[in-house]
Each structure stands twice: as structure tokens, then as C-alpha cells.
Amino acid sequence: MTQDRPGIVNCALYVAGRRVRDIGIDEIGAALKQEDSFVWLGLYEPDEELMRRVQQQFGLHDLAVEDAHKAHQRPKVETFDDSLFVVLRTAQIIDGSAHFGETHVFVGARYVVSVRHGASQSYRPARAACEAAPHLLEKGTGFVLYALMDFVVDHYFPVAEALEDQLTALEDGIFSGHFDRASTEAIYAIKRDLVELRRAVAPIVDMCSALMGFRMALVPGPIKPYFRDVQDHALHISEAIDAMREMLSTALQVNLSLASMRQNDVTKALAGWGAILAVPTMVFGVYGMNFENMPELHWHYGYETIVALTGAACLLLHRRLKRAGWL
Amino acid sequence: MTQDRPGIVNCALYVAGRRVRDIGIDEIGAALKQEDSFVWLGLYEPDEELMRRVQQQFGLHDLAVEDAHKAHQRPKVETFDDSLFVVLRTAQIIDGSAHFGETHVFVGARYVVSVRHGASQSYRPARAACEAAPHLLEKGTGFVLYALMDFVVDHYFPVAEALEDQLTALEDGIFSGHFDRASTEAIYAIKRDLVELRRAVAPIVDMCSALMGFRMALVPGPIKPYFRDVQDHALHISEAIDAMREMLSTALQVNLSLASMRQNDVTKALAGWGAILAVPTMVFGVYGMNFENMPELHWHYGYETIVALTGAACLLLHRRLKRAGWL
Amino acid sequence: MTQDRPGIVNCALYVAGRRVRDIGIDEIGAALKQEDSFVWLGLYEPDEELMRRVQQQFGLHDLAVEDAHKAHQRPKVETFDDSLFVVLRTAQIIDGSAHFGETHVFVGARYVVSVRHGASQSYRPARAACEAAPHLLEKGTGFVLYALMDFVVDHYFPVAEALEDQLTALEDGIFSGHFDRASTEAIYAIKRDLVELRRAVAPIVDMCSALMGFRMALVPGPIKPYFRDVQDHALHISEAIDAMREMLSTALQVNLSLASMRQNDVTKALAGWGAILAVPTMVFGVYGMNFENMPELHWHYGYETIVALTGAACLLLHRRLKRAGWL
Amino acid sequence: MTQDRPGIVNCALYVAGRRVRDIGIDEIGAALKQEDSFVWLGLYEPDEELMRRVQQQFGLHDLAVEDAHKAHQRPKVETFDDSLFVVLRTAQIIDGSAHFGETHVFVGARYVVSVRHGASQSYRPARAACEAAPHLLEKGTGFVLYALMDFVVDHYFPVAEALEDQLTALEDGIFSGHFDRASTEAIYAIKRDLVELRRAVAPIVDMCSALMGFRMALVPGPIKPYFRDVQDHALHISEAIDAMREMLSTALQVNLSLASMRQNDVTKALAGWGAILAVPTMVFGVYGMNFENMPELHWHYGYETIVALTGAACLLLHRRLKRAGWL
Amino acid sequence: MTQDRPGIVNCALYVAGRRVRDIGIDEIGAALKQEDSFVWLGLYEPDEELMRRVQQQFGLHDLAVEDAHKAHQRPKVETFDDSLFVVLRTAQIIDGSAHFGETHVFVGARYVVSVRHGASQSYRPARAACEAAPHLLEKGTGFVLYALMDFVVDHYFPVAEALEDQLTALEDGIFSGHFDRASTEAIYAIKRDLVELRRAVAPIVDMCSALMGFRMALVPGPIKPYFRDVQDHALHISEAIDAMREMLSTALQVNLSLASMRQNDVTKALAGWGAILAVPTMVFGVYGMNFENMPELHWHYGYETIVALTGAACLLLHRRLKRAGWL
């Protein structure tokens, strides 16, 4: 049984591309004596003591293990003599916003150790996919690394799509005029997720180049096109992110422009109605004066006439202002 | 008959640069035994089963075929041993806005398979152009690839021009003052099309460099200047897009500036008219007071005099405000 | 006579760096048999038929001639075996705004063909300059190409200076406060000309690098410093354009800031005057009430006292608001 | 005793990776005769005379010593024959804002001299860490340089985190609506600290590359991964800074947008209440007129009726404006 | 006497790193026959005739001399066979704003000719510094070039500091609220000086790289660290300029934000006071109506009661609006 303690998700021995059996951590040394074999160990947030045992089993470099303890590593590939230390950032949409986790992968000729931290999916599907392609898995641990990276990168797509959907909803909001404070907050939130996602995706491109270019035997020729495929997917997402970032900043500017227009409309309406109201104010003011000699005051229908004329003047002014676009 | 099933647009055998005859997919293996010959197969949104048969006939790489299934690939050239997998994004103006499709091209020494998806024109004219130049077509399948890329890139020009026309219309709108909400939406729409078009065009430049630099025999020396020509056209459109993007963002800023000026004009007019109206309000207020001893109220022409003086004061103020630019 | 048909501006035979005589197009083949000679043919918007004859005489590449037909090529240098095809964009200030034309130059070891399109000056002065330096002209057709490029680049300077003058006028406008709609349109127009001019100038830098680096004999060692000089001028203009672009966008932002300040001033004035007017409105309202028992109404100088006190209050308020910067 | 004068913090002799004893500056020459030994001298703002003695002891280059006198050097690595001159900028958060100091390190095969200026922590912990790893310290002075750089870079993290906390507080302020002048000043202050921090961190990346690539023996193979680790940390902070800069500029734009919306709300409220007030103003104006024949004036409940109707009209208008979003 | 004509500032013969004597231009040819000697000629805005004599004496290249005549060259290093032509832009603060001049330096193995134009300081201090270091001066004319470049670059520092002081003054203005039209103009002026200064400084970096990399003997090994030092200073100023540019554009944005807030405050105050004034307007309007039957009018203290109640209502409203932040 590999689940011999919390932190260990899976630990299996592979010979010639086929899974032979699950093994315990302490059997690893003995198991690896068999030719053409490797061990694939999956950990989830292991404690320090477990990491120390793993380090001893596989002879991992101090610096790599130290990094693996600390959170918030940047995605990278580091080579230590004949082994690799790979850091990946995993992404998931939870409740409409992006959450990020971290995976560290130690790869040697005879072992792969993957360590998951925070928001991330189980690598069980990646392991299954590997085991379904023994002709590639027998090329060695490089293919396992590919499977993990491919799995991580493939999970960026739904995140990018969710952000794209949010952007589309925003656009609709801006142009329908129902753009409010919440939408502006949404712009900020999308921007933050995009910036974060880009920090996860962008380094993948160079990491794949590095992995394809390494002179060591971990990534043999027939595996290289697979890393190029991962790289291509990463580029695709990178470009989609850049396009979204550009549209988002245009959206902000366009929204400012529209707000300025709306402001103008309101001020114009204010001015227009002010002008209309000025007419009766003026007229009523005139006839509120206490001059002794104001002939209109003595007309029989003076009151009605003046009120009617004032109303007519207001209507006329209203129509003219409406036509001029002030109301 | 090549139209032996839906999805297949055209399938012909070429020998020494000349079209010999249309053939069925299953005859291809036999046909290619002839020296100096190649097959050009055109597909439109083929189903999975057809793609599998095509893959078997030509020995296409799994990763390439997988990519060809998925939509929204980014433009790229990928080499697999002695064959190429090329992704292109096609563009068309439909009802005033840009629409994009995708074309995948598999190129080997003895075959070209083009697969169209979504909005794109038929490659019949490109095929005709090739067949009209047998002295170039006999250089091999590289020239077919050129013809397809040239056809795709040439169709970017009307799209870029349509966007340029829309931009010009916008500029006219901004400076004529008839700039409204619809124009602001138009800025956003043009920007989106430009961003999308750039994602289609920009990779072509590097793709052509890669195709001209390949050590393999698919693009022989005399064909290289043709790819340089395609590259040059792509650069031309790229630069036009960049110029448009820059003008568009200037247009947004200029529009904000003009809106701010208009706002200022409206507020000034509001203030100016407010000042003019304050005069009669004040005067009429004075003579509406109920003091016992107000000599003017008892003048015979007091009413007329006061109204006339007030009117004159308003006219004077109006003229001075107009001269000062507040009205 | 070289002016044997419309489109031909000049056609002369040069031997050992000196002009020998004008010749007709059809004599060219024979003339070039002479050692150390070359032909310099100048065309202005030639028709297709003429271009075809020229192509035959000099064996120009199909792609180059095709490009030369189409308008709106981007500036570039293309090599075809032992000949060059160079595209330049020419610029002129006509009525205060920049106009652009195109020049195509075909250069072989024994010929130079220059084709002018649209707004551009005659190359007569460039030809005269060449003929005045026979010790350089005898180095071959590379020097003619230099003379043409130098002439084109030198004519960018007055265009850049005109735009710089327009920018200076704008700055004066912004800071003097006489900044209006026309100035904002001017910002846009200058930006457009700058973007266009940059598209003409920027590629020259790389073109010169390419011409200096070519392994072929068209640009021999002693001519290279001349191309470096052209490159340096192009860089100079490029940098001036970049500086102007940066200042222009700062001008836009500064103008928006100033407009916002002016807006604030107007609103403050509006508020300030509103406050002053509120005093008499209030007071006159009080004494317009119809209460039976209002002692002030019966004072002998009640009216005069109240009006005078109100006036004094207004003056006081006016002074305080002025000091507080609201008026 | 090494504390033989102000300016000297620490001066010790190391043999085979182990600290042997503290020594005075003038004993250094003699002490270094011992094989496999080096001296590590720590200075804090030394005066010119002291620097001159140090320069003589170790044969430091004039230019490096001159630089070490001047404040505000940029971070860099300079090689002088067989020695290095390294400039680092140190950062600390003091009272909520970032403060920066400078450290100069002279590294030779047999000596390390570190000179601290301004805000910086003592390097005692770095020295302790070195002495705790004698197997690495015996690789030579390169490891001491690593320890110092690692110490400096590790102290950037709390600074970056403090700025991130300030940014988060700002975001909360913007979206809660309690965004005021102080918040805007905070944006500016954070931006200034970010710009300054980036100037400290960004050069570290290239400096580490240079140190890992040097052909000289100061940084031997086993020490290189340590510099790569420092480089990685510097990259991490750089990327965090870039992300913060981007979010900060988005925050500024979003805030401007929100301010524009709030402005609109206020203007709308102003207009809405103006409209409501216009009703009684109008009505009371009507019945303030002095016409002889106004029937309503003579009704018994005329006054109460009119006031009640006016109040009802105001309530109605209020409800409709509220529903339309103007109040 | 070297001051044999206007334009010549200084002309001296140096042998083995030591100044031997001042000489006239026409003696130069003879003087240079001495081994290990060179001539250093300093000119200030020479006329064409003088330049022609200098050109003949030293055999300067036509293109370089032509450039030296024209104003507004960009900073550059050009090599002509075994000589260099260097253009530098000099900067000075005069009356608070930056002024720029130009210096051209012709360097051969046996001569240095420096030509100053426009705003620039005399190179007498640079000459004195050279003569104080004969052990470096004997390395040849490369050290003279260093001394001139170092002198020019060192004079950028006070210019950058003056601009930094102006920026600090601006920041204080923005946040103290005393930000006015003059401050906005100052932003523009600083930006212009920064753009100009960057055009002077930025090319120095590449120029130093070129000078350190040249294969020719003009800059021998021991002189190279000195050029690296100049390069480092140029980088330092470049980075300071970039930081200032970034802060300046943030200042513009922040200022716009603050202006928008102030605008909001003013509008709110306008609305708040309007609301307070509406109360008496309403009340006084009520009692200005001429209804026959208005009981309050007949109360003995009706007038006093109503005025007092109105005043109380206003005070209450004032307090509530103040608490809500509208006043």
C-alpha cells in the first residue's frame, strides 16, 4: 500500500512503460535496481519530515527541496547535474474567480516526484493517460513530465474561457448603459486574474524551449514534439490573455468616454429644463410686483391669458430644445 | 470522382507540375508510386472518420491531427521529421465586421492536405493559379503551400481596408461633433477586429522566416522569394494594423478631450444664462416686496420703466457674456 | 532623345563614372556591351506596357515588377540573385500636411531603374549630384542607389520640421488657454502624419544595414560609409518622431488636465455667483410675504435700508469668495 | 581586536572554510601568506582615509574605490583583472515606506570587503550563515559574495509584501467608496517605492548571469546553483513588482471611472431635486401674482388645497425620479 | 600662440603623455614627425574656412566634416578606416530649464580635434585632468576621448538632479492642493527636458560598448575600464530619467484624479447649499401668495415664528448635509 501516510497520494513502480505495482517509499531503493524501471511518486502538501525522507531516497538537491517548502515559487525549470526541478502554477475557476496553486516536480532518470500545493486538481487523469500510452511511457520519465505539464496547461483553458465570458458580459454592460460600480469592480477583478494567469502561463513557453534544448537524456527526441505541443498551447493562452488585456484597457477608456457623454447629457438636460422653468419664473415675477399702475392686472381674463401664454412659451421652448438635442 | 463523400472538396494527382487526374482517397497509395508526382487533397470541415483515413494514407503525426480537430489553433508551422503542419487563420468581412476561420495544411514531399474550418473562401482560385504556373508547380509541394498562404494573406487586405474605412468614418464623426454612443461602440468593435486580425497576421512573418530557413527540401531555392513576398505582405498588414491601433487610441483620447470641452461649453452656457436670468429675478423680487413706502411703485410709468430697464440690462449682459465666450 | 514616350523622365549611359549620352530604351542592350558602363533610367508612373519592355531589357524578376505595379508597398530591400529591388516612401509637405509617394528602384551591376509614384520630387538634383562626383560614380550603380536614398531621406527633414513647428504652435495654444476644437483636431492630424512618416523612415535603418552587409559587389567598401550616413539621418528623424509622439501624447493628457481645471473654475464661479444671488433672493422673499404684522414694512426708510443692507451683504460675500478663489 | 577604528564592523581570517580569528587591517598582508585562506572585512560608512588603507592592503582598482565613495551607484558587477566590484541596493520598510541603502563588495581570491551605506541591515546573519556551512565556504570567496547577495535579495521580500498590503488596502478603499485624497497620494507613494525597488532588483538578474558565466575561478561550479537561486528570487520579485505596477495603473483608471460615475450621480441628484423644487416655486409664483381676477384666491380652502396639491405633485415626481435612477 | 584666430580655443602638442607646447595649426604637420606624439586641438564654433584647413591637416573624411557643419547630429561613434568621429550632446541648466549643445570629436592615432557648438562648458577642466594623469595620457588619444566623454556625461548629473528637484516640487504642489495651470505647464516642460536629455544620454551606452569592442588600437586594454565607467554613469542617468518619466506620467494621472475629486466636492457643495436655500425660498413663496384665507398671515407673531422656524430648518439641514459630507 502506498497510502502509508498522509501526504502520499500515489507511489508506483513502472518497468518498460508499464505499471508494475504500488510500492512504499522505503522499498524504492531496492525496487530501482531492476533495469528500465522508474518510480512515480505523487505527494499532496507533504510535511517537512516526509520531504526529508523523499530527498534522501532520491538524492534531491538542497536548494530544490528548500524551494519546494516555500510557497509562491515562480514557474521554472532548474537543472541539477542529471536531474530537473520544475515548478508549475496550477489554475482553477472557483466561484467565478481564478484560484492558483503550485506543483513542484523533481525528475531524475529513475524517478518522478510531483508535489501539489493549494488549489489544483489531482493528477490521477494524467497518470491514467500515461499508463494508456506505454509505448511513450517507456521512453522514460520525460514523458511523465510532459503529461503533468500538459495536464496543467490544459486546465488553463477553462480559466481563460471563464475570463473571456466575464469580459463579454462586461462589454454588454458597457454598451447597454447598465454599467455601474459593480461592473467597474469586475474590470479590476478580471484584470487581476489575467495578470495572475499570465504569470502562470508565460514562463511555460521558455520552460518548454529549455526542456526541448537540453542535452541530457531526460527528454529524448520522440518526446520533444510533445513539449512543443505544450509550448504551443501556452503561447495560445498567452496571446488570448494579451488580447483580453488590451480589450480590457480599451473597455476602461471607452467606459470613461461614455460616462463623460452621459454626464454631458445630464448637464444639458439640467440646463434645458432650467431654461424652460425660467420662463414662468420670470413672468410670475413680473406680475408679483406691486406697481400701482399695471394695466394687465385689471384685465378680466388677465390671469388666464398670462398663464396660458406662459404655458405656450414653455411648450415652444421645450420643442426647440428637444430638437437641438438638449433634452 | 473525388467528391466521393462530404468533406472532400478536391483531390487530384499532379505529375511534373501538371494536373493529371482527379483520384479517390483510397487510390492515393497506388498513384504515388509514379515518380515526380504528388497529391493535393482539399477538405472542408471533415468528420473524424475521414480525418483518420487521411491520416493513414499519408502517415500524419498524431499531434498534428489532434490539433486539426480542435478549433482555435494559433497560426504556426510545425515540422515532423520530413513533413510540415501549418495552421493559418483566414479572414473575411461579413456584414461590416471581420469573421475568422482556420485552415490546416499538411505538407509532405508527395502530398498537400488542406483542411478549411469556419469563415473562409474556397481555395479553388489558388489551385487554378498553381496550375497556371506548371514551371513552378513542378518544384514540388512547397509551391502549393506558398499558393495557399499567399491566397490567405491576400484576403487580409480587404479586411484591413474595411477597418481603415471604418476608422476614417469615425474620425469624421469625432471632428464633426456628431460623435455619439454608437461611435464609441464602433471604436470598441474596430479595436476588437484589429486585435483579432493581428493575431492572424503577426505569426505569418515568423512562419515565412522558418519556411525559408528550413534545411529540408520542401521549400527549394527558387520558391523562397515567393515566401519572402508573402512575408512582406504580412509585414505590410501588420504595420497598417499597428498604425490603426495607434490612431484608434489617439481617437479615444481626442474624443475624451473634446467631450470635456463640450461639457465645459455647456456648463459655461448654463452659468451665463443663469447670470442673465438673475437680473430680472432680482429686480422683480425688489418690487414684489410689500414695503409701505416704495416711491417707484407709485410712478405712473414705473412698471414699464422698470421692465424696460431690466430688459436692457439683460441685453447688455448677454452681449458681454457672448464676447467673453460664455454663451 | 530619351523622352521617347510618356513615363520616361531620363535615360542615360554612363561609362567610368561619366555621363556619355542619352539613349533610347531599345538601344540599351547594345550600349551595355561597352565595358565599365551602366544605364540609369528614370520613370514616372509608367504604364504596364512600358514596364514590360523595361523588364525585358534588364531581366527584372516577376515578383519585383508585380510589386512595382501595386501601390502602397512598404519600404524594403529585396535581393534577387545579382540584382536589388528597393522600395522607398517619399514625403512632401503640401498645404501644411504631409503627403507621401513611392519610389521603386531596380539595381543591377549595369543598370539603375527608378520608378516614381505619387507625391515626390524629381530626382534630377540627385542625378546632378552624382554626375558632379565621377570618382564615386565610377564605383558603380551602388552609388546611384545611395544618391537616390540620400535624396529621399533628406526630404524627410523639412517634413519633420514642419510637424515640429505645428507641435510648437499647439503647445503655445494649450498653455495660452486658446486651445479649442481646431487644436484638438490638429493633434490628431499631426499624430497621423507622424505615424505615416515613421512608417516611411523606420525601415530605412534596417535597409541600410542590409545594404552595407551584402556580400555582393553592388555596394563596394568605399561606398559603405555613405549608406551609414543615410542610416544615421534616418535614425535621427526616427528619434525626432519618437520624441514628438511622446510630447504629443503628453500634450493630450496635459490638455485634458487643464480642461478639467477650467471646468472646475467654471463650476466654482457658478456656485460662487449663485451664493451671492441667494442673499437678495432670500431677503426680497422675506419682504414679499403677506403677513399682517411685519414692522419693517412700515418703517419710513424700510425699503431703502433693506436694499442697502442686502447690497452690502452681497459685496462682503463677493470679497470673501474672491479671496477663497471661488470667483 | 578588529574594531580598531570607527567604520570597521568586522574583520576575520578564514582558513579552509573556517573562521580562524579576528585580525587588524594592518596584519592582513602577513595573514594571507597562509595557504587556502581569505580575509572578510565588513565596513560601515568608512571615511576616505580608511578606504585608502583598505585599497592599499588589497590593491583595489582606482575606479572601483572612486565609485564606492560616491553615493547612488546603480547595482552592477564589474570585473578588474582577477577581482570583482559588486554594487547592491539594499531595501527596508521604515514607518510604512521603503528606504534604500547601498552596499559595495570587493571580491578577490583572498579577500572580501563589504561596505554598507545608508538604510541597510548588518550582515552579521549572513556571516553566521556562511560560517555554519564550512563545506561551501571552503570553495572560496565566491560563496561569501553569494551569502551577501542572498541576504540582500531576501530582504526585498518583506518590502514587496508591505507594498502589496498597501495596494490591497487601496483596492478596498476604491471599491468601498471611501477613496479620498489620501488614497490618491498613497497610489503615488506606492508607485514611487515600486519604481525604486525595481531599480534595485532588476539588475540582479543580469548580475547573477554574469557571475555564473565568468570564466574566472571566483565562482566555481558547485557555487553556481546558489547564484541561480538568487537570480530566481530576484526574478520573482521583479515579476511581482510588474504585476503591482500594472494593477496600480488599472486602479488609477478604475478610480477615475468611479469618480466620473459619482460625479454623474451628484449632478443627477442636483437635477432631480431641482425638478422637484421647481413645482412649488412655480405654483407659489402663480398665486403671488397680483391679478384682480384670480378665482382660486377667493376659495375658502384655496390655500390649503393648493399647498396640498403641490405637495402631492412633489411626492409623485419624487417617486418617478427615484425609479428612473435620478435620485 | 594657438589663439591665432577666432574659433581656436587651444592647440597643444603632447609627447609621451606630457604637454610639450602650444602650436599653430600650420605647424602640426611638422610637429607630428616626432615619435609617440599627438596634437589636441580644441575649436569653438569654427567657420567653414577653418574647418577646411583642419580637415587638410589631419585628413578627415568628407562625410564627418559635412556632419560637423550641420547642427543637430545625434550622438554616435563612426569609424573611418583608422580614425573615429564622435558626436556628443552636451547639457546645461540655464535659468531652470535644460539647454543642449553639441560636441564633435575627431580622433586619430596622432590627433584629437574637439569642436564645440551651442550651450556647453569649456573642456579646459577635462584637459587639465588629462595632463594630471600622464601615465594614462601616454596610452594615446583614446584616453583624451575618454576624458571628453566623461566630462560631458558628468555634466548630465546636475541637469538630471535639477529635473528631479522640479519633479519633487511638482509632487508637493499636487498633494498640497496648490496645483494650478503653471504646475501643469511645468509637467510639460520637465517632460520635454527629460525626452531631450534621454536623447543625449541613451546612445552613450552603445557608443561605449562600440568603443570598448573596437579591434583598432585607439582604445587599448588599460583604457577600456574607463569607458565602462562612462557607460555605467550613462546607464545610471538613463535609469533615473526612465524613473522620472514614469513618475511624471503617474503624476499627470493622479492630478487628473484629484481634479475630478475636487470637481465632485464643488458640485456637491453647490447641491448642498442649493438644498439649504430651497427651504426659505419655498416658505417665503408660500406666504407671498395672495390667498384671501391664510390664517398664519393674521397671527400676531406669524412673521417672526415663520422666519425663526425656517432658520431652524436650514440649520438642521446644514448639519445633516455636513455630516453626510456634502458641505
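Lettered A, B, C, D and E in written order, each chain numbered from 1.
As a convention for this text, contacts are C-beta pairs under 8 Å (C-beta built on N, C-alpha and C of every residue); 3 or more make two chains touch, one makes a residue touch a chain.
Everything numeric in this text was worked out from a predicted model, so none of it was measured.
Path length between chain C and chain D in the touching-chain graph (shortest route): 2.
Chains that touch both chain B and chain C are absent from this assembly.
Of all residue numbers used at the contact between chain C and chain E, under half are used by both chains, marking a mostly different-residue interface. Averaging Cα coordinates per chain places chain D and chain E 25 Å apart.
Centre-to-centre spacing of chain A and chain E amounts to 41 Å, using the average Cα coordinate of each chain.
Chain contacts: chain E has residues 253, 256, 260, 263, 267, 270, 274, 281, 285, 288-290, 294 touching two or more partner chains. If you draw each protein chain as a dot and join the dots that touch, you get one closed loop, with every dot joined to exactly two others. Neighbouring chains touch in a ring; in the direction leading from chain B to chain C, they appear as B, C, E, D, A. Those residues of chain B that touch chain A in the shared complex are 61, 63, 67, 72-74, 76, 78, 80, 180-181, 184-185, 187-188, 191-192, 195-196, 199, 249, 252-253, 255-256, 259-260, 262-263, 266-267, 269-270, 273-274, 277, 280-281, 284-285, 287-290, 294, 296-303, 306-307.
On the side of chain D, the complex with chain A involves touching residues 171, 174-175, 225-226, 228-229, 232, 235-236, 239, 243, 246-247, 250-251, 253-254, 256-258, 260-261, 263-264, 267-268, 270-271, 274-275, 278, 281-282, 285-286, 288-294.
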